[in-house]
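Both complexes below contain subunit A, partnered by subunit B and then by subunit C.
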Partner chain A sequence: MTNEQKQTLMRERAAALMKDGAVSYVIGWRETRFPGKTAIFFVRDEKDADMLVWDEYTIPLTAKYLTENRWPDKKIGIFARGCDSKAINRLISDNQVERENLYIIGLPCEGKKDDRCLSCTQRDPLIYDELLWEPENATGTSETDLQRARFFRAEEVESLPTDARFAHWEDVYARCIRCYACRNVCPVCTCRECYVDMHRTGFQGKHHDAAENRVFGVTRAFHVGDRCIECGECERVCPMGLPILGQTQKIIKTIEGLAGTYEAGMDPEADSFLGKFDLDDKDTFM
Partner chain B sequence: MAVDYEPKIIAFCCNWCTYTGADLAGLNRMKYPENVRVVRVPCSGRVNPQFILRAFRRGADGVMVCGCHPGDCHYSTGNYFTRRRFMLMRELLEFNGIDPRRFHARWISGSEAAKFRDTVTEVTQLIRSLGK
Partner chain C sequence: MTQKLLLKSALPAALTALLADHAVFAPTGEAERHAFTCLSSAEASETADAVNLDGLTTISPKEILFPRSETLYGIGLENGEISTPEPTGPTVIFGVRPCDVRSIANLDCSFLEKGFVDTAYVQRRENLTIIALACKELQSPACFCDSMGGGPASAEGADIMLTETADGKAFLVSFLTAKGEAIEKLWETASVLTEPNSADTAPPPPVCTLKVDKPQDLPAKLMAAFDDPAWERLSESCLGCGTCSYICPTCYCFDIDTEISGGKAEQLRCWDCCMFSDYSRMAGGHDPRPTKKERLRNRFLHKLAYFDERHGRTLCVGCGRCIAKCPSGVDIAHVIEWGGTL
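What follows is the complex of A and B.
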């Protein structure tokens, strides 16, 4: 099936849902005035459904936009690929959205023109009310099919000696402009009030230097690290193009070392790693 | 490195075990280095990883987190969360180029005054040798 056919299916389905009044809106993608860039689009009217697109550039994650409306009157329709469905699972287990409030239209993905899709392990949606088309390979993408190692970004830095690692992050955070785009786009970053915005508590210094940026970067990574679905949105939206995905990849890699295979967002019932404990946890503290 | 360099170490101590242990060390007139600044927290589970980042950011040479032994937590489970959190945090600090020897987590109970003294002495010596 070609992208155009899939796009037609999406438009028809969104229009039908709006016509039935089954959902209050449908979250999808539309074109922007920049070639190769798509934006998130809310279909609020039946006739707007023709603006929906599906091509190799429909990259942004739809799931984050569910948190904008926590108590919808009617269901929210949402198009979800594998990565979106992992994010939806996380939002459900974090009690940020309720499953009953969602109408999820699953879209098996063929991989987009984005770096992160090279190490994608989950192209087919995990959670959906209907699938719009059949997955191309029924088995999904296995670990061995990856075009790039799962923790590629963390491994780039890990191989360096301690001082070089410090210098690497110093260089990264010296360029950070602290626009908080990485925070805003992250689908598991869902606090209603973020610690960096509480300027009177002093949790986050307002100095604009590499050290404060580093405090922000490491804190952000630690806040979301154990729930990170590895979608790579933080890196995609970074206006300075900083390789910040390494931080959360390192956290997941460490979790795997401590507690075995770990992938967030695979199950809407699963707790996050730091939200629970095991009496037999390893520790090297004496 | 200046000859008279003295490291500054921040120790987050749980109210019920380590802080009591430190108190006992004082009662027993035990001598331990004055480089350590003890911050009392209700539980080692209270220690936000951000406290550690902030301590380093503001110039601490070393940070310690001390709490009750697993199973002894006053709040039953606080230190189990601590254990996971700081196993992860230490790896992340190392990944960020901060020498893991500058961050320590220890289980010290209320009766282990000598262990508190020994730990503080050992950590201070280690960090003094690492330099600024």
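What follows is the complex of A and C.
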């Protein structure tokens, strides 16, 4: 099936859902002024559906936009690829959205023109109410099929000597402009009020320098680390082109080293690695 | 006005001459690292490698006049002694694109006009000489300066204007102000200027491909549309991040923060952004702009209406950085065009 045929199916389906009144809106993608760049778009009535697009550049994640409407009057329609579905699973598991408030239209993905899609482990949606077309390959992409190592960004840094690793991160933090695009686009960054916006608490200064940037960068990485779905949206939106996906990849890689296979967002029932505890834990270190 | 010729091969000597008694900022680096940096003498003398005059920098040069963070004053915690930062000396910005030069006139409005002169800003501004560089080619498909009253070869606000010759080997140099003439003397002494001959001509400037129809009465039209439901649509993909404001050459909002370290408390003026949730929050927690719709509406009304009402200039020079860099496709040109249809 071609992208145009898939796009037609999406438009027809969104229009039908709006016509039936089954959902209040459908979250998908539209074109922008530039070829090769799409943007998130809300289909709010039948006519809007013709603006939906599906091509190799429909890269932005749809799932984060669910957090803007946590108690919808009506179901929210959402197009979801593998990455979006992992994000939706995390949002459900983190009690950010309720499954029954969503109508998920699954879109098996062929991989987009984005470097980060080369290490995607999950092209096909994991959670959906309907699949709009049949997956072209088996669900998921096995480690050996990846066009790029799953933890490529973390491994780039690991391959450096210690001093160079330190210099690498100091360079990243010196160049960060603290626009918070990485935080805002991240589907697992869902605090109602982020610590950086808590005025005059002293947690995060307004000062723009490498030290304050480092506080933000490290805090963000550790806060989302074990829940990171590895979509790479943080890097896509970074206006300074900073390789920040390496931070959370390193955390997940470390978890895998400690506890075996781990991937966030594969199951809506699963707790995050650092978020679960057992009352019978021996706590021998206490 | 006489025009001189500055051969590209003489650029290292020209920059080195400036460095004798100026701090010199010029674009260096590539891609996202392309930014105005303060040149060292080594970088100036190896211009071919260090200075990158191709394209528009990722971050605008506004931080030379309006730093991301600056210390306004410090107080010693033990002795209560007040310290103020060292004033900056003569500074040159080299290779500024016409859109960014025009944006400095906007910063001047904010920091120098309407009965208040900002001490820190005026000190830097008076010491600043602007060496502009006309665009020989279109910098990006998002450029629309010629729709916003400027142009790829506009010399408005420049002290010196450089225009690349057709053969790409030299710049035609126009010295436009007294500050510019002071540099001319410096360069004459350093023998870096030559006389242009008839073959040294500049090609016609490029024309922006993004055309934005900006109506004369845009401020009134947009303000009348304050409650228009279209703002919801315009803001729906917005992430509420600060990319647009921080890369914008004209955004000038700041916050004051205090930092206490090393036995000293410092009052800092730091860039802030009206898209952030803590920006308009008041004591007691009320926020008159509670969602991204109100925040985005305010940002565009400030740029296209409020600033114009107060200062008679649009707070957008059409550099296109925000359109190109917005991760979610928010587009100021769409807002202007929509305003025109109202």
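FYI, the second predicted complex is superposed on the first by the 274 of 286 C-alpha atoms of A that agree within 3 Å, B and C clash if a C-alpha of one lies under 4 Å from a C-alpha of the other, contacts with A are read in each partner's own complex, and residues count from 1 in each chain.
One rule holds in what follows: contacts are C-beta pairs under 8 Å (C-beta built on N, C-alpha and C of every residue); 3 or more make two chains touch, one makes a residue touch a chain.
Treat the numbers as computed from the prediction; the structure is a model and nothing was measured.
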Subunit B versus subunit C as contact partner of A:185, first or second or both or neither: second
First, second, both or neither for A:6, with subunit B first and subunit C second: neither
Which superposed partner A:158 touches (first subunit B, second subunit C, both, neither): first
Partner chain(s) touched by A:205 [first = subunit B, second = subunit C, both, neither]: both
Partner chain in contact with A:34 - subunit B first, subunit C second, else both or neither: second
Partner chain in contact with A:283 - subunit B first, subunit C second, else both or neither: first
Touching partner for A:250 - first (subunit B), second (subunit C), both, neither: first
Touched partner set for A:222, first subunit B, second subunit C, both or neither: first
Interface residues of subunit A shared between complexes with subunit B and subunit C: 205
Subunit A partner contacts - residues on subunit C that touch it in the complex: 31-33, 58-59, 68-69, 141-142, 210, 236-237, 239-243, 245-247, 255, 257, 259, 268, 270-273, 276-278, 281, 323-325, 327-331, 333
Subunit B contact footprint on subunit A (complex, rising order): 154, 157-158, 162-170, 195, 203, 205, 211-212, 214-215, 218-219, 221-222, 225-226, 246-247, 250-251, 254-255, 258, 273-274, 277-279, 281-286
Touching residues on subunit B, where the partner in the complex is subunit A: 49-50, 53-54, 57, 70, 77, 80-81, 83-89, 91-92, 94-99, 104-107
Residues of subunit A touching subunit C in the complex: 30, 32-34, 37-42, 60, 64, 175, 177-181, 183-185, 193-194, 197-199, 205-209, 236-237, 239-242
